[in-house]
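To start, I am sharing the structure in question, which I have written as structure tokens.
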Amino acid sequence: MPAVQETIEQVRSIDVDQYKYGFVTDVEMEKPAKGLTEDTVRYISAKKGEPEWMLEWRLDAYRRWLTMKEPDWARVSYDRVDYNDIYYYAAPKMNAAPKTLDEVDPEILRTYEKLGIPLREQEILAGVQTSRVAVDAVFDSVSVATTFKAELAKAGVIFMPISEALREHPELVRKYLGTVVPVTDNFFATLNSAVFSDGSFVYIPPGVRCPMELSTYFRINEKNTGQFERTLIIADKGSYVSYLEGCTAPQRDENQLHAAVVELVALDDAEIKYSTVQNWYPGDAEGRGGIYNFVTKRGDCRGRNSVITWTQVETGSAITWKYPSCILRGEGSRGEFYSIAISNGMQQVDSGTKMIHLGKNTTSRIISKGISAGRSQNTYRGLVSAHRKASGARNFTNCDSLLIGDRCGAHTVPYIESKNASAVFEHEATTSKISEDQLFYCQQRGLSAEEATALIVNGFVKDVLQKLPMEFAVEAQKLIAISLEGSVG
Amino acid sequence: MLQINNLVVQIEDKRILNGLNLTVNKGEVAAIMGPNGSGKSTLSYVIAGREDYEVLDGEILLDGQNLLEMEPDQRAAAGVFLAFQYPLEIPGVATMTFLKASLNAQRKARGEAELSTPDFIKRVNAAAAKLEIQKDMLKRALNVGFSGGEKKRMEILQMALLEPTFCILDETDSGLDIDALRIVSEGVNTLREAGRGFLVITHYQRLLNYIVPDTVHVMASGRIVKSGGKELALELEANGYADYRQSDAA
Amino acid sequence: MADIAMIKTAAETGLANLFAITKSLLPGDAAHREDAFRRFSERGLPHRRIEEWKYTDLRALLRDAAPFAGKPTEADIAAAEALDGPLTAIDSIEAVIVNGHLVRAPAALPPGVEIVPLREALGSGHPLLARMGAVGHAHDNAAYALNAAFMSDGAVIRIAAGTHVERPIHLRFLNTGATPFATATRVLVHVEVGASVTLLETHAGPGGVGYQPNGVVEMVVDDHAKVAHMRLNAEGSDALALSTLTARLGAKVAFDSFNLVAGTQVSRHQVYLAFAGEGSNAGIRGATMINGTQHADTTLVIDHAAPGCTSRELFKTVVDGQATGVFQGKIIVHSRAQKTDGRMMSAAVLLSEEGTMNNKPELEIFADDVQCAHGATCGQLDEDLLFYLRSRGLPLKEAEALLLESFLAEPIGEGIVHEDIAAALTGVIDGWLRARG
């Protein structure tokens, strides 16, 4: 069955409740008191058994955060978060860290089963999927399972929860943590630095091509809980890794905060592909509930000829504030950003990228596809800059927006700054709608209005979908159809 | 099979069809000719169910089913096919993908099993060969960058593949050179059969040399004003539409 | 975490003092001026953290507020009129404004054309003054508000319904003086139903003097009217020139505006265009040539508030030396403005290692049935083309000049139908390229 057909099936099979990941898992959790004080920071650090320097690092971030202001320049409006009314840490009660899956609460295992995330290696080996993916599963504030660790270790690849890495590889973490996104980078990143609880750590040694896709699956389950994960990926000289990130959360009437930080470091000739399918609960049709997704993602092409590619499919969250960026420091390095951002209902998206050309002959490419439906607002915001020394820098940017219906908005805000004569920047942006003629043409051939819309939208986003790993592309295509449910007719 | 009774249609308060009556029988090829602005294209769109047109009165029955109560895709599943005068371009959607999605949607609507991929490809290739459509065209995005002739051939390919019971050809000859006209017409002629009706809309008699009609209807000011055999087309070619314009003004 | 109130700069204090002294001497409604100055002083001089001024930090660029120039003497007028401009030779209906004061109104006006000095209009409460401020987006803009507080003279122009004004109306804004001074001029043009007019503006002044002109031209264009507007900024080498064009278009209007920046240390040209009626067409174009440490900013807000309108924006910038070019262009399409067709393009060539170009084209779209696009490019001259020309025998500089001229003249070719004016403006481009050597 071709993917398009499958998309259509998916649309058909969905009835009223379009967010199928909205269930709640019932497990006993342990949490500190609500609110954020130095004690909260100490509590989290102690829970993780962190070294002293890490606690100091967090406390320093916390103190700086107190002096900072929540940014208001993005084109989103929301009721400000009451930072003293949320839990900063929530973990399923366990006697000790689970050594094997058998020690993990079966309720949690069932959760991942329901979400379609394979945590049992033998099942994966049994050929359920065509290619293998190693998964780190993060449930609220802790990682509950990481698969294929042993096999990856054989190749020298370190893939583990960051809390574990802080204990087992403190020197590596310390060397790179906060070097791409500094502690004081922005309000949300600083908050994350103070209270981050878990996330993934990846290190690919020199010359190693990571033998499988790595993936982290984030699940917010607990009520009134913020999720603050931290991911750090280091690709040493000449290495390669492809990393996937997925996210879901239960359907709740309250808004929940997700403030993650992702740092990527690519050394000489290394390549990192980072793909995200973001499907946090978007809130209901009236705009009640949903995740506030305030995320700082940045990659540092530190080495010569290094490559970092961000690919994102954003369909969820009530508010998205997210700009995965590349610092093109190494001579000849390359940054790429491919994005599909779909907003429906009352969602608000302000997302884009920054390509900062510092080194000679650095290149970057931005392909952004925004689709607005319902009463949503969808903004692309991007920066491309060439500094004095970035001779021979090249950028090509293409931002297309598609509007479905006349109650939504699509906005494009690019900043293009060149301080180098030999830098060549090209930017183009268009806004259009699915024409009545195209819809009618498809309908005349027998497709329903909804099927026709899904088909045309999938054509619109094809350039970006092709950049995703296979399994994700199919998943993303289904998501697109689901997110557009109810946007036509 | 197709029966139109007293059809009255307007668009943005402008009356286009004024009590049109038309019957096309199974196996019949009916041609509609008429001056520009007589409502020919409107008629094709209204049969296929395009929005924007307000049907004030009348009915359109296909084998007794009232088409006016159906969505465009339901009409397609019921057997209506419209070959567009200006086929639409759909960027990013491969022609093959589009063809398969359409075919299976219709089969499903009719309660038929979906076609297996090898069967599907076999059918497409066979139809494409007849219409001299290159295989690489099928891989390209639908109609994007196709020449006028290529687009029209693609319309006929879809007609052959979807096997409709009632086909409307809206000015299919416009923009075609003589070779393309021959290929397209042959494509249509091979589809002529006892169970299938055709409505061929054209301004010129030229197309009717290739697709020879059983009946010819003259349309003016939103009505059929004269009907006859294929010789009527030749008469129009000789005398033009002037008579009909005048008779209407009177 | 409260915002720390910014300390007033010397220029802000200076402006407040100037306003206190001059407000009672200026003609017209004092309350309006008070209100305008309040709008300005609430936020003060804009700086780079104010989004619309991100690339032009007026707070840093305007160090001192110069005193407003007094009425020019006969000698001043003679000195100013000696400033010959390329558009002077065009046969036109000419008005001369020296140091912000209208000193010479046209001798005779064709029927259907009314030109009243602004000072007089303000004094007598001319009925057309009610049409000022027709484009809301400009209202709180610092340059516009300062002009509204300080405007001393200029003109109110009315083109009566159906009048086709044969000769262009040429407004020559000339400046003279040996020490820094400021001017605030305002021109209000009402083009009535079905009328058509060509409006020229020339801005020139002395080199080496840090004078500060701040001019506003407001146009109210009624249904079926036609306006062609050409503006030449040839201000002196040390001037800091702020200019604002606002235009409110009725239905089925044809509106074209072109701005050529060929002078000025610091310039900022703002265009606020509002489509208020259906089916209008507007072309907003410009070319900028900067060198040394010049800074030139073009900022557009194109507001599609009515359905079925078309706008085309094309801006070319050539940056040499350590100069900085800025282009900010925003197309807004309201939900009722269906069938809008808006296309914006900004292209820049950097000729030197130390030049800077900042582009910020924006789309803000609330209607679904629209076609909108923008593009921005920045780079060097095409090396293949340069090589081709050189292989045909052209020296590098000439080859560059040839390519640059065609690059810069494209907006002229696209928008200006008046051949003499187009030739005169192309001549300014040639002159700049020749001077580059």
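Here the chain labels run A, B and C in written order, and each chain numbers its own residues starting at 1.
We take it that a contact is a pair of C-beta atoms (placed from the backbone, for glycine too) under 8 Å apart; a residue touches a chain by one contact, two chains touch by 3 or more.
It should be emphasised that the depicted structure is a prediction, and the values quoted were computed from it without experimental measurement.
Engineer: Going by the touch criterion stated earlier, list every chain that contacts chain A and also contacts chain B.
Structural biologist: The shared contacts of chain A and chain B amount to nothing, since no chain touches both.
Engineer: What's the chain with its C-alpha centre farthest out from chain C?
Structural biologist: Of all the other chains, the one whose centre lies farthest from chain C is B.
Engineer: How many Å are there between the centre of chain A and the centre of chain B, using C-alpha atoms for each centre?
Structural biologist: Computed value for the inter-centroid distance: 48 Å.
Engineer: Cα centroid separation between chain A and chain C, in whole Å?
Structural biologist: Once rounded, the distance between the two centres reads 44 Å.
Engineer: Report, in whole Å, the distance between the mean C-alpha point of chain B and the mean C-alpha point of chain C.
Structural biologist: Once rounded, the distance between the two centres reads 55 Å.
Engineer: Where in chain B do residues touch at least two different other chains?
Structural biologist: none
Engineer: Report the residues of chain C in contact with chain A in the complex, numbered from low to high.
Structural biologist: 1, 51, 54, 335, 338, 348, 350-380
Engineer: Would you mind writing out the residues of chain A in touch with chain B in their complex?
Structural biologist: 2, 4-5, 8, 435-438, 440-449, 451-452, 455-456, 458-463
Engineer: Residues of chain A touching chain C in their complex?
Structural biologist: Residues of chain A touching chain C: 67-69, 73, 388, 401, 403-433.
Engineer: So in the complex, the part of chain B that touches chain A is made up of which residues?
Structural biologist: Checking each residue of chain B against chain A gives 48-52, 71-73, 75-77, 80-82, 84, 87-88, 90-93, 97-98, 100-106, 109, 141, 158, 162.
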